[in-house]
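Sharing a structure here in structure tokens format.
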Amino acid sequence: MNWNAWIPLLVVASSLLPGLIIFRLPEERVRTRITLNLIGAFLKLVLVGWMLWGVYQGQHFETRLALLPDLDLVLRAGPLSLIFVSLSTVLWLVTTVYAIGYLENSPHRSRFFGFFSLCVTATVGIALSGNLITFLIFYELLTLSTYPLIVHRGTEEARRAGQTYLAYTIFGGALLLLATVWLYTLTGSLEFTPRGFIHGLGEEHRTALIIIFALFITGFGVKAALVPLHGWLPQAMIAPAPVSALLHAVAVVKAGAFGIIRVVYDVFGIESAAELGVMSPLAWLAAVTIIYGSLRALFQNDLKRRLAFSTISQVSYITLGVAIAGPIATIGGVVHLVHQGIMKITLFFCAGNLAETLGIHKISEMNGVGHRMPWTMAAFTVGALGMIGVPPIAGFVSKWYLGLGALEVGEGWVMFVLAGSSLLNAAYFLPILHRIWFRKQTAAWPHEHNFGNKETAWALLLPPVVTALMALAAGLVASAPFSPLEWAQLIAQREFYQP
Amino acid sequence: MLTEYVSAVLLVAGAIFYLAGTIGLLRFPDVYTRLHALTKADNLGLGLIVIGLSLQASSFAAAGKLFLIWLLVLLAGASVSHLVARAALHKGVHLWKR
Amino acid sequence: MEALALLQDVFDILLGFGLLWLAWLALFSLDLFRSIVSFISFGLLMAIIWVRLDAPDVALAEAAIGAGLTGALFLAAFAKLQPASVNGKGSSINPQKQSSRKQLLRWLPALIMLWIASGLTIAILALPPHATGLTSEVTSNLTASGVSNPVTAVLLNFRGYDTLLEIVVLLLALLAVWSIGSSVPSIESEPGPVLDTLSRLLVPILIMVSAYLLWVGAHAPGGAFQAGAVLGAAGVLLVLSGWKLYPGLEGFPLRLVLTAGSITFVVIAILTMLVSGTFMQFPPAQASILILILEMVATLSIGVTLAALFIGSPPTDIKKL
Amino acid sequence: MNTVFLYALVGIGLFCLGLFALIVQAHLLRKILAINIMGSGVFLILVALARRTEGGIPDPVPHAMVITGIVVAVSATALALVMILKVTESSGQPEFPDEESK
Amino acid sequence: MGITFIDFPWAIALILLPLTGGLSCFLWPSVSKILGLVTVIGVMLSATGLGWLVIDKGVYHYLVGGWGAPLGIELYVDGLSLLMLMVTALVALGVSIYSIHYFELSYQRRFWPLWLFLLTALNALFLSADIFNLYVTLELMGLAAVALATLTGSHDAFTAAMRYLLATLLGSLAFLFGVVLLYHSFGSLDIAVLSERFESNITAWAAFGLISAGLVLKTALFPMHFWLPPAHANAPAPVSAVLSALVVKASFYILLRLWLEIFSQLDTDVDILFGFLGSIAIIWGSLQALRQTRIKLLVAYSTVAQVGYLFLAFPLAEKVGVTAWSAAVYLILSHALAKSAMFLAAGNLLRFGGHDRIADLDRVAQRLPITVAAFALAGVSIMGLPPSGGFISKWLLLQSALVQSQWGLVGVMLIGGVLAAAYIFKVLGRAFTQAPLPHEPGVVPATMEWAALLLAGGAILLGFFASEILAIIEIGSPFGAGEVKL
């Protein structure tokens, strides 16, 4: 019995099964639900840890189930998979704790946590997918399982946000399906392969390949919120804070970005893609998105909306790193997948805390809130500074590698994009920090909850503090073994230097 | 030979009665007179045809069956004519007057 | 002989055109009642044509079921429609109502019909003038079938499975009619002495005829369906003369009679399977008696079913549940 | 031989006449009449063509098929007529309501 | 009696069981529920037994009455018919479980015999290898279906069922006409014999035209779909489920069978016409579904659209036969399960709210979670999203189309999928929100909810067993052995 063949499947099942059970739990069985959630989350963490260790030592983890006569459902743990799967697993645990605190007395928690677990299942599945069809399956599952989370509040506004989200993602999904099937009819394979699997195709398929690439980018671009496909993201802010945190930091946008990474590296391969001449347009698209997102963020008064536009901008760093097509830029892009996730989830947790504890939704209401909620706001500050790229926080590492990578391959213009974006980041984050710490409270908090002498509930406070510390750590000890940077370097090595 | 000729004559006569009955059915002015025309054709025309055919019949059984048919048609025709007339009367169809 | 052949041709042509003319009357006559009567005449003419085509079995079935019972059904429906509908008579063609658009809506289908008709004509005329079909297969297996009338052999032995399903179709129609028709008014009539006498005279004869057709079906034209139809006609006559089923029989006994044909079919089919190993394979020695039993029960069921279809509304036993 | 094709052609005539009436006639009773006449047309073709055998005996299989067909037709007619009554009962007219597109 | 398990005549049981069941339900109406349920379970077991037999030993022949073709009637089961029988049994089971609590007592008595006769007709149809026998089963099926469709007793139901009756009778007649021409041209009613003797001539063309027209009318391919939406929408929920899931498929099955065995020998472009009409059906049906304000009508129009997909296989099969046909068969299976689940779920919503207006669903996601889950899962399959049977068939269809660069069809399929998502989420979106006028819910028994979920789950599960099922489809190679396979 080869256990390694089952572990990827178990990783997926460790959130799927609790999720399915939770659906059937009566609303009032809070304890059972929490236990199930936490058991699942911890189990997943252990399994992923095992895989990390194993892959580090050169073991193979692969689950293969027959799906169609010549196509299998493949779950495989490679370096690239693991970096995303670890991120999801860790952040799932944190978010679960947060969500338990956040939704303490709200209705339909069973449904919420059920879909929440499905959502994580889908994300982990995306991360572990060993071929495009598996990827596609989990990708669509993600679409479907996030929809109920977005409309969770059951208001008319939520419904409309949900419809918008679907309109975008279903459209994207259709394009992905087309691209996948088309590619399959050309190559007869969909297996993710380092450096791609399209080399064998002759020159006569060049146009088709370019169109397929465009279809892939458009399809994934919807979830990765590439301009002009980003419209759903700010609207989806209607969802409860843990959902926003998950959508923005891990699940949805990252799934899109991860898809782009997969397509460029493991489907087309950097060299083939560059040869097709599709990388520069991608880089430009990413650059435009970075600047556009930052600019829009500047003018939002609603905190969550500002964070949403910031996400649009930040996720495109990943795309940019990929599109620059050099080894160092790759490191920057991939590592940003993790770093942005940790930092952004911190920010969303904090925003959620503000809303839940004090009823604050608008930036203009945040004057002096640092004194009321020092720990939360400290975490927020770490996240915000990291986003701007202040050393030694994680964001700095990403930007550093991106810049270096661009210079390495002679794409100097990227430096301007990075600089401009950092400036804009500063422009929309620093005023907030100024308000938090240096202004006096001007009006009563809109809707204050009393948590005794604590600034807020433990379950709400702990997650952002933990993730903020992680963001700090990722920057401080960036070159420690098993750090995101180390893995990113491993991946880059595999993509560029191995035959 | 003779029976065949007799038979033919009877058949033609029957057909003529039928023709007369049909013309009556088509041309007479109201239900009651039409029924009058029809019953003649049924009773006599069919009777002549049955006799004509039974002259050619291969066995007595066959001839018997033909007569049975005639009887049944007589029975049915009479009853149905009665019913139709009665229904017409119930419905208030007036007798035709010149 | 030439003259006779010519006469026959003229006769055929007259019959054919008469049939088409009656069909036209049935479909397009202004008076709906006249249409229905034309349709019944159409069925009778059809029966004559079946005889001309050497299909006496079909002729019997047509006369009894096609013209007789179907006609009775139409007449009964027409009678029931009168109070229910605002304009029951001749509502279909109303010269004043026809606009030019409606004219177009008539001409277009007419042209399409002509096109279809010509296509089908070509297709039919392209058929070889001689073809044996399955005649030889039927003839050579006739002795093993248990009956000597080839049509009965096909119906009850060679393609008995079709016939089983067909009996079920008939029963199903009754179930459907009962399911739908529970609120449809039943026919009320005052029979009067003449009809009463007629039915008393005619019903025994009809039953006898039915039995005769059933018996003779083994070797000559006739069989369960024709016999059943005659029985059904007897039932219709009884209904019309105001006879009613004894209330105690309206429930399970009636249902048993209705299903008896299908049940017997199934039972015999299973028995044959146990004996010969194959579904509905009659052992040649017992085929004839098995088919007779089958036909007898089927006749009864068919007759009662047809009469019940004519009545339309379910017996009170079903209705009240 | 002519008889065979003569009646087959009459059958086609009946089929098309019935189809035409089915389309243009609004009264449901007539539509059912039309279906019956179409069916008779098909049966006529079936039996007429069965007489193309060389010997005197026509092919019995079509005859059996037509008997089956006649029984099926009467079943369908009975069902249809009851349904017409119900439609008429609720709409007051033995026709399809106009507003519904067909 | 030396009958071992494997020798047991499962095929005959598939016909006789529901037949006797129907008769018994008529005879003893007070216990019809139990009789019906036992029968359907028996049918399920028989279908399983037959499946075992066929998978084990290959194609199954049965000479009814021992005569054999061309004189007698033959039953024939290959992978295609086996799957149809199995999905019929499965849907029948779900629908029967559902019906236990759906109908009131007086309707139970009407429903069960009719429904079991319908099941008889379906089984007999899928088993038959004889075109006249197919006609009889078609009529049996049609009359039973129409009678069942009237069970709601509403004015709309009768009008709709009347249209349905006329359409189905006309379709059967055209089919019969074609059968007549085939018989008189080639002297047999057996499909295999006809296949051997078939040659292309004018009569064969006419037969093809008549049979196709009749079956297309019964399958409700655009523009012959006019009768379907009202009939399916106004029938009681379990009946709608059966009509959409199985009855429409039965006529398509005959068309497919005859096309494959007989008419493929004609050199025709009708496949392109089918593809064209199918494309319009997909777009038109989906748009109509999107316009509806009542769930059941929406679901019914969705059937019109999904039928369109089935016909896309015809033009695609020219070059990649096996793949395209497998896709169509897979679609039949997954749509049967998904659509029946969807209609049952719609029935629950109707019972729950007393209406089926989409705008007034009023938080049913909270209050009927299992029903909404069933609707959603079925919707996943209808949209063709993974993992589901619908996805597999869409994948195969897309693959066939892309291999041949049939861009038009590719576009239609993608647009159809997006539109399907639009109309399904039109319903699901309202399931979460509160209606302007909140109302007191009616009681929906658990069996009715779970029956829907069971079927929907089946549609999803189909997405995981594609290899096995595609292997079953090819038993007896109904699509021709020599064809190119992708």
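As written, the chains take the letters A, B, C, D and E, and residue 1 is the first residue of each chain.
The definition used in the following text is that a residue touches a chain if its C-beta (ideal position, glycine included) is under 8 Å from a C-beta of that chain, and two chains touch if they have at least 3 such contacts.
Note that this is a predicted model, so its numbers are computed, not measured.
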Grouping of chains that still touch (sans chain C): A, D, E | B
item	value
Chains touching both chain D and chain E	C
Relative to chain E, chain with the most remote C-alpha centre	B
Of C-E and B-C, whichever chain pair has more C-beta contact pairs	C-E
Innermost chain by mean C-alpha position	E
Per Cα centroids, the chain farthest from chain A	B
Whole-Å separation of chain centres (CA-atom averages), chain B against chain E	56
Cα-centroid distance, chain B relative to chain C, in whole angstrom	26
Length of the line joining the C-alpha centres of chain A and chain B, rounded to whole Å	97
Rounded Å distance between chain C and chain D, as computed from the means of their C-alpha atoms	12
Of all residues in chain D, the ones touching two or more other chains	15, 19, 45, 49-50, 52, 61-62, 65, 68, 72, 75-76, 79, 83-84, 86
Touching pairs - complete list by chain label	A-E, B-C, C-D, C-E, D-E
Residues of chain E touching chain A in the complex	363, 365-366, 369, 373, 376, 380, 383-387, 391-392, 394-396, 398-399, 402-403, 410, 414, 417-418, 421-422, 425, 428-430, 432-434, 464, 466-467, 470-471, 486
Complex interface listing, chain B residues touching chain C	72, 75-76, 79, 82-83, 86
Sites on chain C touched by chain D in the complex	8-9, 12-13, 16, 19-20, 23-24, 26-28, 32, 35-36, 39, 42-43, 46, 49-50, 52-55, 57-58, 61-62, 65-66, 69-70, 73-74, 76-78, 80-81, 84-88, 91-92, 105-106, 109-110, 113-114, 116-117, 120-121, 124-125, 127-135, 138-139, 150-151, 153-155, 158-159, 162-163, 166, 169-170, 172-174, 176-177, 180-181, 183-184, 223, 225, 302, 306, 309-310, 312
Of chain E, residues touching chain C in the complex	1, 9, 12, 16, 19-20, 22-23, 26-27, 29, 62-67, 70-73, 105-106, 109-110, 113-114, 117, 120-121, 124, 132-133, 136-137, 139-140, 143-144, 146-147, 150-151, 181, 183-185, 187-188, 201-203, 205-207, 209
In the complex, chain E residues that touch chain D	132, 136, 139, 143, 146-147, 150, 155, 158-159, 161-163, 165-166, 169-170, 173, 176-177, 180, 183-184, 189, 226, 230
